[in-house]
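My questions all concern the structure below.
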Amino acid sequence: MAVEMTTFDLSFTTSGNTDVIDLTRQVLDRVAETSLEDGQVLLFVPGSTGAITTIEYEHGAVGDLKEAIENLAPEGKYYRHNERWGDGNGHAHVRAALLGPSLTIPVISGRLQLGTWQQIVFIDFDNRPRQRRVIMQVSGKTKKKTKPRG
Amino acid sequence: MAVEMTTFDLSFTTSGNTDVIDLTRQVLDRVAETSLEDGQVLLFVPGSTGAITTIEYEHGAVGDLKEAIENLAPEGKYYRHNERWGDGNGHAHVRAALLGPSLTIPVISGRLQLGTWQQIVFIDFDNRPRQRRVIMQVSGKTKKKTKPRG
Amino acid sequence: MAVEMTTFDLSFTTSGNTDVIDLTRQVLDRVAETSLEDGQVLLFVPGSTGAITTIEYEHGAVGDLKEAIENLAPEGKYYRHNERWGDGNGHAHVRAALLGPSLTIPVISGRLQLGTWQQIVFIDFDNRPRQRRVIMQVSGKTKKKTKPRG
């Protein structure tokens, strides 16, 4: 097996405030570029106020998720973190730690193994618009080049 | 190092409604089949109404987890998602997104590194019985075949 | 690509009761030992009363996280698990299952890809001090040895 590992930066802007961004298209395009046959895609958030997960990316479900997260760590509560930096994003740190920064998805026969109604989302918990970056690492064996018939 | 990657489908039925299914035996059996020496097992849920994690698979702890999840995203609440599809499983989508679809477990010297009281569980948040599939990908180096003594 | 996989045990003591331990220095030191160039670090908790995630390791944010977890699965509630074993750590099992036992972080050009304000933390949910172990598995391609000029 020829094992390859390729790294990509997924870059995008968010409006902050628990903005939920669908990264599925970007991820699928990068997988296609690599000619990966069987392997894995790791997605990692290099920061402490964002998280990554999957959901059916549909307006209702996304709104429901935002509301559940607001109940889990309400923005209006007192946060000790805000006393230190005064940046008012204490709730963002708690939310990000609870949801987690990493996600791994298998690829089989070149196909990312998401369910039909399952999309990859980055959630920006910070309290302002941000330029964001998610690290995508593709590893596994690549397709054999087939000899052209001649 | 001879790197190998093998993929399995774990198939099983659930009763839905936050049914917690112990997958540990299935996973251990597949690891044994691969002759993996050192590597990793990735488990991934290809869908948006189920999740994977670990717990001590004991009636009490499983019941406690179900109750905590019911408090986190109560089934009886209003969910915007239900207006779109009318399938009444808005809570399932929220729960699955919060718990997450992927889990990776190391294997050392052929042994899956779970704790003594730690089992791998799939949780089906959908509101009806389902036939389910979890993708299991085993990667790493395999045991060297030893020459038979003769 | 020469693929290598190296496993480490991270060992440390905790005071239990949702003690949050910063493992970042230990992880960075082990990555440096391996001469990994591009790859991944898997961290796994072999047990059912601890979890791993990332946060800005700052007194305020850590305190905020502890409070959110206490609200998520309060220690003083009734837990069925405690009837079985009488060890009073039912809340610990629920918390650990919700946060999850695995985390994967990419390494690029020898550098662990954490954000500037992002630290790796183990959280001990058990209700007493513990000697703990986190399994760290480093995989990927290592730096080529450069010939000394002579």
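Going by the order they are written in, the chains are A, B and C; count residues from 1 in each one.
Convention: a residue touches a chain if its C-beta (ideal position, glycine included) is under 8 Å from a C-beta of that chain, and two chains touch if they have at least 3 such contacts.
These numbers come from a predicted model, not from an experiment.
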item	value
Angle of the C-alpha superposing rotation, subunit B to subunit C, to the nearest 5 degrees	120
Shared interface numbering between subunit B and subunit A [over half = same, under half = different]	different
Subunit A-subunit B separation of Cα centroids, rounded to whole Å	20
Subunit B: positions in contact with at least two other chains	3, 72, 98, 100, 104
Contact set on subunit B toward subunit A in their complex	3-5, 7, 42, 44-48, 72-73, 79-84, 90, 93-94, 96-98, 100-102, 104, 135, 137, 139
Of all residues in subunit B, those that touch subunit C in their complex	1, 3, 38-40, 53-56, 58-61, 63-65, 68-69, 72, 98-100, 103-106, 108, 113-115, 117-119, 121, 140-141
